[in-house]
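Chain IDs A, B, C and D follow the sequence of writing; residue 1 opens each chain.
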C-alpha cells in the first residue's frame, strides 16, 4: 500500500490519509497508537469510523487537525485535504501552529468533541465563543458576528437563540450544550466536520435528536463528516461508508451495507455478533471475542488480531502482517484470508 | 449580582464582630490592666498613687465591669466616635498615632501586591505552557527559594548587599536630611530609592507562592477539553492561552487575593522592623513589648478589618469573573 | 460451566512483583524517583540527629563565654600544611588590635597548625539528659585555642555549638506545633467531612475566619500576652500552641476533602452494603487511603511552624534568651553593623532556609507519591 | 406527607408477597432535600424516586431502564438500603422463607440480611478498594459476617476467582493489576462470596468495551443458571436489557411508566415514552435506518426538582391532551402489564418487533 509516487486525488476526494503513523513517547516506552492508517473522505459523504477503546480512531482524527499532544510523533504518512477543487493542501507538511493550519481549523474543518460538558469554556458565554471563531475566520465585526451566532444557534434548533447567545454552558443541559458545540464547529461553513464520539455522553433520546440534527444539517450544508464512534448502531444510522479500526489499524472499509451485511474481516464479524440487537429472536448467549484488547506495549506479531481470531492459522497469521485485499465496490479488508472465510449466518 | 454582593456584605458583619472581640481579648490578656500599667509608669517617673486611688480610677474607668460590658464600651467608642483609647507609651490618643502609619502600610502592601501579580501571573503562565523547559526549572527554583527564605532574612540580606556593594543606606523611608524637608523631586527620588527594598522583599515572598499556584492551575486547565476546542477553532496559541485557560486559572487566584492581603500585612510587620520603616509594624511591636495594649489592640483590629474587607473584595471580584458563581 | 477464557499471558516475575506490591511499597517506589525529595529526607534525618545529639557533636556548650574571642571568624579544618598532607588541623588564631581604629582583628598564624582530634574531653554535660559525660565528638587540645567552625558571636560563644542547640529547639517547636495542629485538624476535619451538614458549615466558617486574620499580628498579640517572668520551657510550649492554633486549618482542609471524596467512593458503599460497621469502614477503608496524604500535608506544614517560630523569636516576642533557638540567634543579626562585621551571624538564617526548603521538597515528593493508584 | 404515604401503600396483590416473588417494592419514594445557605434552609426537594411499585420473581432478571436522572440507580440503592427511604416498603423473602419489610429495619437488623443481597457497581475502578488484595476484597464479606476461618476464606476466594474466570493464583494481587473487564469480574466474585439470592447490577457493563461487555454478560447469565440468582439489572442500554431480562420496568423522571414482560413491551409498548425510547435506539442495521419513521422527542428530560404538572411526560408527548396536563396518571394494570398513561388502552404504539 505504500505509495512512493504521489498520485493525484480523484476529483470527488476531499481528504485522503495515506499510511499515517502516530507514536507517543511515554515514560514506559514508545506507544504506537496509529500504525499505517489509510482512509479517504469524499465530498459530502459521511464516513463512520468504529472501533473499541484504544483502536486509535480519535488519535487519527486529531492528526488531521494537528491537535496531537506534545509527546506525539507523527512518524510517517501523508494527509491531503482539498477544501476547494483547485486548492490541494498537504496537511502533513504543515506545522502545528502555522498560519495555514490555523486557517483550516475552524475554517474548513470543524470539530465536535465527546464531552459537551467540558468542551466549552465555562467562563465565556456560548455567543462569545462562537463570535471569536467567526471574527477570526470571516474578519467581520462584533455586531455581524453576533448576528451570525444567533443564526447558527437557530440552525441547530436551540430554543430562543437570541437569549441563548448570552447563556453560559453550565446553564444548559447536555443535549443543548452539544447543539451549541455543533453551532461552534459549523460557524464558518466547513467542508469537513470531524465528530469525535459526539453522542456517547448523551442519553439515547438526546442521541437520537443530535443524530437527526446532524443528518439534516449535512443535507442542508453539504459538508462531509467523519463520525467517530464505538457504537455500531450509530454508524448504521448515519454513515455512508465505514472504516473499522483495531489496534491502530484500519482492518476493513466499505459501504455501510457491505460492512453490516457482508463483513469481510473476522473482527468486524465477531463484533457485530456480540452486540444484542433490538427485536432480535432471543438467543441464550452472546457471541464473544475471546481475550481482551492487548495493551499498546505488547502488540502481537503478524496480524494484530490473530490471538483472538477464530480463523487464525498458525504459521501465517501470527508471523506475517496481512496486506489489504480489495473487493469490488470499494470494500477492502486487511486479512490473509479475506474472501475465503466461511459464510456466516447472521 | 447586587443580591450576591449584599449577601456577602451581610456575611462580613459577624466576622468583623468576632475579629473585634478577639482584638479586645488580646488587649485584656496580659496580667494587670490599664491602671496597673499607669501606676507603674508613674512610679517609674518618681510619682506615686495609692492603692485607693488606683481603685478609684478603676471604678471611674469602669474596669471592674464584666468583660462584655467593657468590650461594648470600647467598640462603641470606636465605631461612633473613632476613639480607640489612650496610648500610655506615647501619652496620646491612639487615633492620633495610627492613621499616617496605616496609610504607609497600605501603600506598601498595595504596591507589593501589584508587583506580586505582575511577576506571578505571566511567569506562572509561561512556566505552565513551557513545562519542563529550562526557564520553567529556573522559576521553580525561584519559587522554592521565595518560599524558604523568611521575609526578614531577605530584607537583611538585601539591605546588607545594598550597603556593602552599592554603599547605600536603605533603612527607613527617607534619608535623615529629607526627614523634615518639604516635598521636592529629590525627596521623592530619595523615597523611591528606599521604597524598593520593602516592595521587593514583600513581592518576592508573595510571588514565589502565587507563581506556583498559577502554574499548577494553568497545568490543570491546559489539559481540559475546552482548550482543545479553542485550538480546533483555529485560534493561535497566544489567543487560546490568554483567552481561555488563563481566565479560568485566575479564578482560584482571585479568590485568594483576600488571603494575600493578610499575608502582606504580616510580612510588612517584620520587614518594617528590620528596615526601620515608619509603618505600623515597628509601632505595633513596640506597643506589644511595652504592653501598651490599647494601641496594639487597635492595630490588630484595624489590620484584621482590612483583611476582612480584602476577602470581601476578592469574593466579589471572583463572582464578577466567574459566571458559575454569579448564577448559583 | 463454560467461562470465557480471559487469556492472561503469564507475566514476568517483575510484573508480578508490581501487582502484589503493598500500597506503601508502591508509594516508596514512587517516592524514590524524586531524587530531590530523597536527598531532602536524608538531609533532614541528619539534621535531626545532629540536633538530638547537639551536646555530643558540638565542641562547647552554648553558654560558654570567651571574652578574648569575640566575633572570631569561622575556621576551616585543613589537611594540607606546607604542601604536605597531614591529619586534620586548624591554624592558630592571632588576635591583634588595629592601632588606628582600636578594632580587634584576627589573623591565622599559618606556622602553627593545631591538630583536631576526635572524642576529646571538654565541658561536662548530660547526654540525652541521661548520663553525665565530658566527651565531645571533636575538638582541639590546645587550651588557649578554640575551634569555631562558624565563628563566634559578640560574647565569644561558638556559633556552631549554638546553631546545633538552636536546631534542637526550632525543629522540635516545628514538630510539636505540627503535632498539635494535626490533632486539631484531624479531629475537626474528620468531623466536618464525615458528618457534613451543620457541623461542617460551622467548622468551615471557623476555618475561613481564622484564615482571614493576619497571622503575624495575631501571633504577636498572643505571644506578647505571655508574661516575661514565666518559665522559658512553659513559654516554649505556649508558643508552639499559638503557632498551631492558626496552622491547623490547612490540615483540616486536606482531611475534610479526603473524607468527602472517599465517602462517595463506590468501594466504601460496597463495604457498607456487605454489612461492614462504621468502625470497619473508617479504619479499613477510609483511613488507609488518607494516611499518605496526611503525612504529606503534615510535612508541608512543618516549615510554616519553623518560619513562625523564627519570626516571633527574631522580633523578641517568642522565645527569649537564655533559650537558644534559630530565631533567638538571629536577633544578634538585626542590625547592619553586626552583619557587616560578622556575616557568619546569619548562619542560623541559612540553616532555616535549608531546613524549610528540605521540608518543602520532601513534602512535594510525598504528595506526588501519596496516590500510587492515580489513573 | 401522610397523603403521599397513602396513595399506593397497598401492594398490587392482596397478600404482601406473591408466592413466586423474591422482592416486592411498593410505593417506594426518595426525596432529596435541596438546601441553600449556611443555615441549610430547605428550599425544595428532588423527587429522585417517586411512587415505584414492582415485584421481582425468584430466579428472574428484572431490568430497570431509563435515561440519566430517571432514578433507576437510586431504586437499587433503596432496595439494598444504602439510603433511608422517604416512603414505601420493600418486602424481601429471606432464605429461610420468612418475609421481612426492609424499610422497617434498623441498620443493625439489616446486617444479617446483607448476606443475601449484593450489588455490582458500574465503575470497575472506584468500586474496588485499591489498597486491598483480591483475598481481602473478595473475602471481606466473609470476614465481616464471621464466616469461616482464614484458611477457609482463602479457599473460598480461590474458588470464587476461578468461578468468574480469573486465575486463583492472583489472590495476592491488587486491583491495579487488572483491566476494567477483569475488575468487574472481581466485583462479581465479591458479590457472590456469601451465596446471596439477589444481586443488583447497576450499569454493570456500561463502562466496558463491546466485546468485553458480552463476555461479562455471558458470565452473569451462567452464574444465574448455576446458583439460581435473581437479578435486578439496571442499564440505559436497551439492547442489553432486552437480551438479559425476563421482565422490565421503564422509568421516567423518578417514576415507573411501564412494567411488564420484556418481549411484550418491546413488541408493543403501551406508554408513549417507551415507544419513543425504543425508536431512539440506533439499530446496527442500515436497512432499518429510520429516516422520518423515528419518533424524535422534543425538548429535554424534565427536572425532578421542578417537574411538570400532570403526567411528567406530557410536554414531550405527541399524544398529550389537556387531561395529561392536569391529571397525574397512576400506574395501573393494562393487558397484563402496569402502565402509567391515561390512554394506554386507546393508543396504538409501535415497538421494535422484527
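FYI, contacts are C-beta pairs under 8 Å (C-beta built on N, C-alpha and C of every residue); 3 or more make two chains touch, one makes a residue touch a chain.
The structure presented is a predicted model; accordingly, all values stated were derived computationally and were not measured.
The minimal number of chain-to-chain contact steps leading from chain A to chain B is 1. More C-beta pairs touch across one of B-C and C-D than the other; that pair is B-C.
Distance from the chain B centre to the chain C centre is 27 Å, each centre being the mean of its Cα atoms.
Chain B and chain D have centres, each the mean of its CA atoms, that are 57 Å apart. Spacing of chain A relative to chain D, judged by their CA centroids, is 34 angstrom. Looking at chain D, one finds that residues 181-182, 215, 218 touch two or more other chains. Shown for chain C are the residues in touch with two or more other chains, namely 4-6. Chain D makes touch with chain C in their complex at residues 38, 40, 77, 80, 82, 110-112, 114-115, 118-119, 121-123, 125-131, 133, 140-141, 144-145, 163-167, 170, 172-174, 176-177, 181-182, 185, 187, 190, 215, 218-219, 222, 225-226.
Contact residues of chain A toward chain D in the complex are 52-53, 173, 175-176, 203-209, 211-212, 215, 230-237, 256-257, 260, 270-272, 274-289, 292-293. Of all the residues in chain B, the ones that touch chain C in their complex are 15, 18-19, 22-23, 26, 29-31, 144-145, 147-153, 156-157, 159-160, 163-164, 169, 171, 258-259, 261-263, 265-267, 269-270, 273-274, 284-285, 288-289, 291, 296-297, 299-300, 303-304, 307-308, 311. Per the touch definition, chain D reaches chain A in the complex via residues 67-68, 179, 181-182, 209-215, 217-218, 221, 236, 238-240, 242-243, 263, 266-267, 276-291, 294, 296-297, 300-301, 351-354. Put simply, chain A touches chain B in their complex at residues 65, 67, 97, 102-107, 110-111, 113-115, 118-125, 129, 132-133, 136-137, 168, 170-171, 181, 184-185.
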